[in-house]
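Structures are listed in the sections that come next.
Next come two complexes, and both contain chain A; in the first it sits with chain B, in the second with chain C.
What follows is the complex of A and B.
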């Protein structure tokens, strides 16, 4: 009876696992196969194998190179700033100051706003001359009409700020749970030894949440790539490609220019890089923990 | 079976001069994929009339412009039978005109009938391929110069600019009078900044290809094109309202409607919105003129929007009847009288007293209807090159324009890079070796 139980369990979960494989592996395999083909959606019967031609196109495609650079910036800068701001916020929330209970809930708000809605809100906020930012400036007696989405640098900075706005709450929450797990006795001992509040944070809080920060960084690196809807609404990838990451470029290549095989190659390269970096990061974090 | 169906319909055409009003399609449901433009939104109010007339029911799926264009491309290129009637902008026509993707209307409708001949001929021709009519247009688009006569007077400008150089100089005069000159489309897209750009390029003596259609070598970085881009960069940088760099037609219309600018070159069909009495601050203040030209002449933009029948549709005859009904003179007149829609594709309606009373804005500085008609007469049918790959080339060029405006590249470098990519695109398509 006991030995037949695992077999029954396996049989019961097999369809679910099979469906999961079908739903994930088959599309991935199809995209990979497509990236090696010359595919015209109007004449699918004429599809032929062209090897690495689509990948070779990367080298002469300035837009791809620009999008790769933008992707790098839109991952690294927001994640670093999210971690710094999130840590500061988590430390502040841990102090149980007046109002921190309701502030915990309030800080979560950006995380629950759908990205497209957030993008529209920010777009309205940044409209030159008539948006919320101009209104705020007018309260201080300034006439602010600059088009922040109209120059490459300010548009990129705007997208980074929106990305931080979306990500900081969840980072703060994750780090707060890590901070909460540090025993109070350690702080009390430091206090008895004459350590100031700042010294306690620097020598106790930050070193002890660093491993958690590594894991959160990997998680957020994947999360910030989900800013696609915000870019779609806020900047459309512009101006002049300043805010166009690889996934947005792949989307345009596939659905606007119908260059599906090249789009597949972009996505394969993009996904492989992301997965590779994530695995490497996780292995580094695990190695650190084992070493400790 | 298919041949029999076509034979029966051909017989109907021969006898009745088109899909006759008596023909019934009971039990058929026609599915329409289109944009949520003023015309489609109004059309959606009357499908019961078509049902009463033919027995066929109609289901509308209307989306914003960009999602519609994407859905249309997928539906048509995969030869899906999900829709029986589909929206198609003339700039995309070349993409679908070949390969039996679209159903010729000649199979169902007599193209020599008075009703069909009433369409504005050049607009109808935009959708003609090798003598076959593949769509009926419901929207005829060009651009006009809208200007504020009161602000021109304040700045000492005697008449609307006739050339792009005059346009720029007038902007300078307006700025000296502390008046914001203009807003132009900056969004890098074939349907946005390139829609405006073509007339500047042609006016300065440039063109997209060496000799379309015989020689499709791109010439987007010719000396004339560089001069045109220098002009565009100058105007966009120095004389447009903040936000123009990524502005769509919507942003430009609102800027004009709200009285924020002294002039713009924008779609003639947007006049209804610019002068919407409920929203507009410029009613009674506008003048209308032909768009400026250049050393090579004046080349107002020209495009259409139409309904097509996918060849894969299972209800083609009923869809053809729907097309006739949806673009009919009577319905177009009612829609125009009830809404801001003014991009009329019927010649006879431009002479209709009721239409003129509603849409012939004239505040003493040029008649809108007369200017619209004159602009359409002078607009070249080849305004958008008709190769399937032009959308990709146009978008790439649109990006080059924006690169020059934000000064990430010089006009020469931006166009040289675009030229390189355009050559790659036409090579991949097999036009060049």
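What follows is the complex of A and C.
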């Protein structure tokens, strides 16, 4: 059989892989190099090597430390809540109840909304007094006029909620296909043994989707800071840096303050940390799988 | 299995809660986009009563936004073509490699895509500035292709895996070259998967914001960025911004069912078998 297979010439694969390596590795090398230099965009010829100076600046930069903390919060909290909400939604959608079937087709919508549009949509929804949230509150007889984006804590919570809004559909979809792959026989056996539906969920569904949740968590951790456009539109990183993660701070440093070498250092530190933690988690997950 | 009451209550309650959470902001935007200025800031807030298309006609007549919409379409479609030209042969080739080589290449492709988009923004900006391609569609197409190729290779190679090897082998025995086998046999069979992948690429490119924001000024600005112009600085007229959002969502809404089909795939047994063995 192997002899009559199409002969794969590397000519098929090389252009794509070559383009990919060129378009990713060269820029990354350039950013790393830039982070070790003193670079002024107006006088690029005066660039000189300054070693770890840009990295040393982190220690005395309160805004950097704040952004690192915000990054941590904006990765961990949304991912955990996306997993919990996604699991709750997946279990509900697995039921295929009459009247909720359309949900199975439509619930993915937020995950493909352009992030900038999502930012405007939520900004409209949260306008104090006249937005959609105030409308919903008025349906329940409440008078809700608070400016959620105006104070530090509520702005951060708002960004987390929007982040969950973007992420829950994909998480629910992946967990739903994981749930759908559990054989019905297991539930039937549990039912014969007198287990209620809730017990079956707790003792069968949740343990069996846990391994999938680990992989989904890593995947989402890499995706979740893609809400940069939402922050750009919704809060602009404010108030007072409360919703300014490192990628947002690096963006401002590069394109508003034109401090490109420092921005490069922030991005290198940010990327190394987030990719490093994710790859480490993947290796842990696959190690436990092999061990089983 | 016994249909106990708790199970149904849970199903309905949770579905209803998520339907409210996931859809109400979008429906509110739709309602706002149809409101007359007088209804916009009525208190307490209301759902639109007398729909008016005035905001839609206003933004279509807006030269900046309509040319940005055209830019978005041109950039997205060009990205599909360039990505496919690179990825279809590569995915076909990878799908026909030995297991270990295939796994190694797919892992490499995925690893190259792992870094957050923001790390690329400075080098790409400096590079395109150097070669005078800032504010051109070409720059955006190159960047979008860079982000789309790994995804496309990943999905397409899974679709080529599903093409029956017997048919390809029969074609080879009849004297077809590898290239002929790919174009005449495998691509037509994998067509629906290729279309689904093209749709994902379109969405990715249509939604792209960061590079469109930094690499364009006026000429090549895409709709995802031009939409910011409609955000009022002082909270008055949100109608145009809402209408622009709804227009941006039209192709997305049309494509959602396809997204579901393809995004489920990574959890398939077939996929598991491919990656973990």
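Please note the rule applied: the second predicted complex is superposed on the first by the 280 of 292 C-alpha atoms of A that agree within 3 Å, B and C clash if a C-alpha of one lies under 4 Å from a C-alpha of the other, contacts with A are read in each partner's own complex, and residues count from 1 in each chain.
By our rule, a residue touches a chain if its C-beta (ideal position, glycine included) is under 8 Å from a C-beta of that chain, and two chains touch if they have at least 3 such contacts.
This structure is a prediction, so every number in the text was calculated from the model and none was measured.
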Is A:151 touching anything from chain B or chain C once the two structures are fitted on A? First, second, both or neither. first
Would you check which partner chain A:34 touches, where first means chain B only, second means chain C only, and both and neither mean what they say? second
Report for A:255: first if it touches chain B alone, second if chain C alone, otherwise both or neither. both
Taking the superposition on A as described, I'd like to know which of chain B and chain C A:284 touches: first, second, both or neither. neither
Now for A:127: first (chain B), second (chain C), both, or neither, which partner does it touch? both
Between chain B (first) and chain C (second), which does A:199 come into contact with in this model arrangement: first, second, both, or neither? neither
I want to verify the contact counts: of chain B and chain C, which reaches more residues of chain A? C
Which residues form the common part of the chain A surface touched by chain B and by chain C? 41, 127, 129, 255
Residue ranges of chain C touching chain A (in the complex, touch as defined): 1-2, 4, 6-8, 10-15, 18-29, 32, 40-47, 86-87, 89-90, 92-94, 96-97, 105, 108-109, 112-127, 142, 145-146, 149-150, 153, 165, 168-169, 172-173, 178, 181-182, 203, 206-207, 209-210, 213-214, 224-225, 227-228, 231, 235, 238, 241-242, 245, 248-249, 252-253, 255-257, 259-260, 263-264, 266-269, 276
Touching chain C in the complex, chain A uses residues 1, 4-10, 12-13, 15-17, 19-21, 23-28, 30-31, 34, 41, 85, 88-89, 91-93, 95, 97, 99-100, 103, 105-117, 120-125, 127, 129-132, 134-136, 138, 143, 165, 168-170, 173-174, 177-178, 181, 184, 187-188, 191, 196-198, 200, 212, 222, 225-226, 228-229, 232-233, 247, 250-251, 254-255, 260, 263-264, 267-268, 270-271, 274-275, 278-279, 289
State the interface residues of chain A toward chain B in the complex, per the touch definition above. 41-43, 60, 62-63, 127-129, 145-147, 149-152, 235-236, 238-242, 255-259
Can you tell me which positions in chain B touch chain A when the two form their complex? 69-70, 73-74, 77-78, 99, 101, 186-188, 241-246, 391-392, 395, 399, 402-403, 405-406, 408-409, 417, 421, 424
